[in-house]
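Listed below are the structures to be examined.
Two complexes follow with subunit A in common, the first pairing it with subunit B and the second with subunit C.
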Partner chain A sequence: MTSWVDASCIIIVFLSLIILSNYRVVAMIRVFAIQSLVLGLLPFFMHASCISSRDVLISLITLILKVALVPSILFWAIRHVSMRAEIKPIIGFGSSIVFGALIIAGAFWISLSLKLPGKPVSDLILPCSLSTVLLGFMIMVTRTRAVTQVLGYLIMENGIFLFAVSLFDVMPVLIEMGILLDIFVAVFIMAIVVNHINEEFEKSAESIIPKIGETF
Partner chain B sequence: MNIVFLILVHWLIVLTLAPLFTGVITKVKAFFAGKKGPSVFQAYFDLQKLFQKSSVYSSTTTWIFRAAPIVNLAAVLVLSLLVPVGVLKAPVQFAGDIFLAAYILGLARFFMIAAGLDTGSSFEGMGASREAFFSCLTELALFMNFITLSLVARSISLSTMIGADFPLSWKLMGPILLLVAASFFIVILAENARIPVDDPDTHLELTMIHEVMILDHSGVDLAYMFYAAIIKLFVFAGILVPIIFPIQTGNITVDMLVFLGAMLVVSIMIGVVESVMARLRLNRVQNLLLIAFALAFFGFVVKMWKG
Partner chain C sequence: MLTILILMPFLCGLGVLLPLSKVFRLKLFLAVSLAHSLITVSFWRQMPIQEYHGFLVLDPLGLILLSIISFLFLSVSIFMVGYFQHEPRRNRVFMACLFFLLSTMTIVTVSYHFGLLWVAIEATTLFSAPLISFHRNQQSLQATWRYLLVCSVGIALALLGTFFLAIAAHDVHSLLLPVLLKGAASLSVNWMKLSIIFFIVGYGCKMGLAPTHSWKPEAYGQATGMVVVLMAGALTQCSFLALLRVAQICNKTGLTGFYSSILIVSGVLSLIVPAMFILGERNIKRAFAYSSVEHMGLLVLGLGLGAVGLFGALFHMINNALAKVIMFLTAGSVAQKYGSTSADQVRGVIHLYPLTGVFLIAALLAGTGMFPFGTFHSELLILNAMIISKQYLLVAISVVCLAIMFIGIGKIVLDIIHGQPKEPVLPKNENLFMNAAIAAAVVLLITIGLWMPSPLEKLLHDAVALVEGAT
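What follows is the complex of A and B.
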């Protein structure tokens, strides 16, 4: 099943690249859900010969939380907000893609000198998880909208999850579960904050416009 | 066997099969639109009609305008000799022929752009400018794909690279081939003026790239341009098919059937993409082409990592 794990790793990095180059928030959230789906199926590919209850548990929690719950919260958050498109990223989309490609190369180069405890199923997991973390970080720092920044954060977490999956046999599940819970709470708070910001701004805009009219 | 005979057989097959490939794409698009659509042989009828007509030339045009269709068709026919078609090996192959392939495409494009400018119409100049800009970026992705493939196959000959002589193994090189195939598919769409980049059906002045440059050509000249575009699409698909389906059984009939089936799958894929996607806004096209480059570059990095 190594080839399936390899292909999943490649697809995860590829989808991060797609999110990096996209400007529509709705499409970005969908791509993130697909990425999480691939990630959620990864434990099955890795232990195809003997699937334990632990694999099923991890996979199920990931699928419910990241494929269903987090995207629906994000969709709910942007429903009433005019945040449909990332308009002015700090770095343009074209240069983002080129930088993204360089980041992937950098991640692979760094991975050359990283040694994991135990033997990983596929040697692509480490560089791909590092690439995903860095690409998520890049999305977080170069985008200006709250939702897209949170998406960058979620992609970073996906990269960390990929890394944790490779250390599956030597790392307790609890840590990963803790991270997932953190993410979930963070997304939830963000959704509430975004909605409140929007309400506040709508109010303030209404209160400002008549004043401008008076000054002329 | 005599090389001349091989070349003639190769051309015969390419010339007869290529219009059918375009016909299948049109049929798939018609199916998605809920229409009956023209017959899969429509391209043959169009070509026959155009070959019977005579050309009209504007008085502002020079010999460049008349040469462009001939150069285009000739270039594409030479390109087709470098690419294997099913069980037929490429009649011409030598180390480094990938550069010849890329520059033949460049030559054809140069004459097409020059002919567009030669008409003196600002409209065609606009199309020429777009073509020049986008093909710069497409060529980047194309070369990156060629570099990755040549590293995988340890050869810089196009037919060896795409596994005509030994099938590339998906088991060993799966991730790399996945990236190259995805990237090359985008290159096919961009090079052949298909939908996310250019729309082959519309004549809207704001969006055309390929169609606008051949707007002043008529009759036999237009037939040449049309045929060249069809063969180019067929040849590009012929490069992609051995990458996606590197199946070789040794039995000539089975291999040919596998190849034809794979070509059918590729044409259906192109038709589906054209049906479900909208044309990209002109200032977003370069992002798509850069993604194609990034994918090929990623494949290159993975290849270096795997050693």
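What follows is the complex of A and C.
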């Protein structure tokens, strides 16, 4: 099943690149959901010969939280049409791709000098997770919309999780659940803050317009 | 016992989400903080036994932080009784988050597993974020956003560091602290180094070390004084505890030199950067926030220097927390009286509110480490450690930066205290509860500045021995 694991790793990196080059927030959230789906299925590919209850539990929770709940919360946060497109990113979409490619190359180069102890399932896990983390970081830094920054954070977390999947049985299941829950709550609170920010700015926009109207 | 200490505030936090009266929530918070403090005091006599197969253990390091947290919550809960008499806003989510924060911070102090430690520290970030935007306006929402984003990224890097540690510990197959310390010889050095870097960046971000301190002036400037006390005194020091835990492992694996050189560099940066920004600052809360960056720098420097420096840093944790109570509760009380904390609007505090004026002077002296406050003592210990290790350049930089901080903060505080009130503000009466909370911290900080009780000294020595791996 190593080929399946390799394929999933590459798909995850490609999906991060797609998000990096996209400017429609709705599409970005959908792509993120697909990426999480691949990530959620990864434990099955890794231990295909003997799937334990632990694998089932972790992938089930990942699927529920990251594929279903997180995207729907994000969709709720952007229910107002006005914020569905990313406006003027700090780095343009074209050059983002170039930088993204450089980041991926860099991640592969760094991971040459790092050797995982024991017998890793796939050699691609470390470079792919590093590049996903860095790509997520780049999305966060170069985008101006709050929702897009949340997506960057989530992609970073996905990268970290890709790495964590390869480290079975060091973390107790309960703590891994705690980590997932924390990330979910983080997104929940971020979505609420995004919502408040929208409301406040709309309110202030309304209060400015009549004032200008009065002066004329 | 530890489980009770964690669950009690958590359940109360769920409870206050029910529609209850505002006053009842305050009383419940006061009662819970008092109970929490009493249990913590009982731990000074007898350490509790470990729980959940060694996942929850209280050791001298944890006890120092737990006592700090307990004291801060108690004084904030007393202050709050006075504060909410003049505050029309609803407090349902606010109080619930405070309870959850107490619960998760308690977990931080007793967690002996690096994964659990991460989960707890991340949870403290999440529950403190809604507290910042209590006065919901554009600036406070932006401050909350920045805090959430910067700290979440930092904490995510710390998670990566935790996983790297797990790889380094491939042979011992566990992230429990005692197991790691016992099997320290088998840890992979390269992965360990990588994980150390990620830990310092990640938890340092949460501590507000320069150059990732940018959330601090924003968040501290916008949040109410009570919240900032908890953030500056307890929340940031929770992350420092994580760095102390990493130091425990480093001292066993022979990576002390590597770890401390990074710590010293980031400590020096955290002294220089606030000194650069303080002189142009006009808002007292933002100025105190820069002072908080500086104190975090001192803590990290002390840890990096080791021995006397470590003792000084642990002592400074306590002093810093008490100083923050004085500084930010007084700033909060000024903010409520004047509706602003900018030196351009607030004038003549000592004419209108003499007691608050005196507290402001105390805040200035405590925050900048002047005699007879405890901060003077601990800063001297850290400087002493630099002299002992013959790092004279470091001494020079630190002294200059501390002097600039004193000038900067002194200027703002004196501007606020003296001068004529711009427009005749109707003097409200000073509030007994608010002043009692601040006065208690002043008295305590002066006391430990002049005389160190022997149980405290023993606890600090035990904690130093624990970090250095002598026991």
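Following the convention adopted for this analysis, the second predicted complex is superposed on the first by the 203 of 216 C-alpha atoms of A that agree within 3 Å, B and C clash if a C-alpha of one lies under 4 Å from a C-alpha of the other, contacts with A are read in each partner's own complex, and residues count from 1 in each chain.
One rule holds in what follows: a residue touches a chain if its C-beta (ideal position, glycine included) is under 8 Å from a C-beta of that chain, and two chains touch if they have at least 3 such contacts.
Quick caveat, the model's predicted, so the values are computed rather than measured.
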item	value
Superposition on subunit A - do subunit B and subunit C clash or fit	fit
Superposition-derived comparison: subunit B or subunit C, residues of subunit A touched	C
Touching partner for A:L116 - first (subunit B), second (subunit C), both, neither	second
Partner chain in contact with A:A186 - subunit B first, subunit C second, else both or neither	second
Touched partner set for A:A105, first subunit B, second subunit C, both or neither	first
Contacts of A:L17 with subunit B and subunit C, given as first, second, both or neither	first
Smallest separation of CA atoms, subunit C relative to subunit B, angstrom	20
Of all residues in subunit A, those that touch subunit B in their complex	3, 6-7, 9-11, 13-14, 17-18, 21, 93-94, 97-98, 100-101, 104-105, 108, 111, 123-124, 127
List of subunit B residues in touch with subunit A within their complex	170-171, 174-175, 178-179, 182, 284, 286-287, 290-291, 293-295, 297-298, 301-302, 304-306
Touch list for subunit A against partner subunit C, complex	114, 116-118, 133, 137, 140, 146, 149, 153, 156-157, 160, 163-164, 167, 169-172, 175-176, 178-179, 182, 185-186, 189-190, 192-194, 196-197, 200-201, 204
Contacting residues of subunit C [partner subunit A, same complex]	113, 115-116, 118-119, 122-123, 125-126, 129-130, 133, 136-138, 141-142, 144-145, 148-149, 152-153, 156, 159-160, 163, 166-167, 169-171, 173-175, 188, 190-191, 194
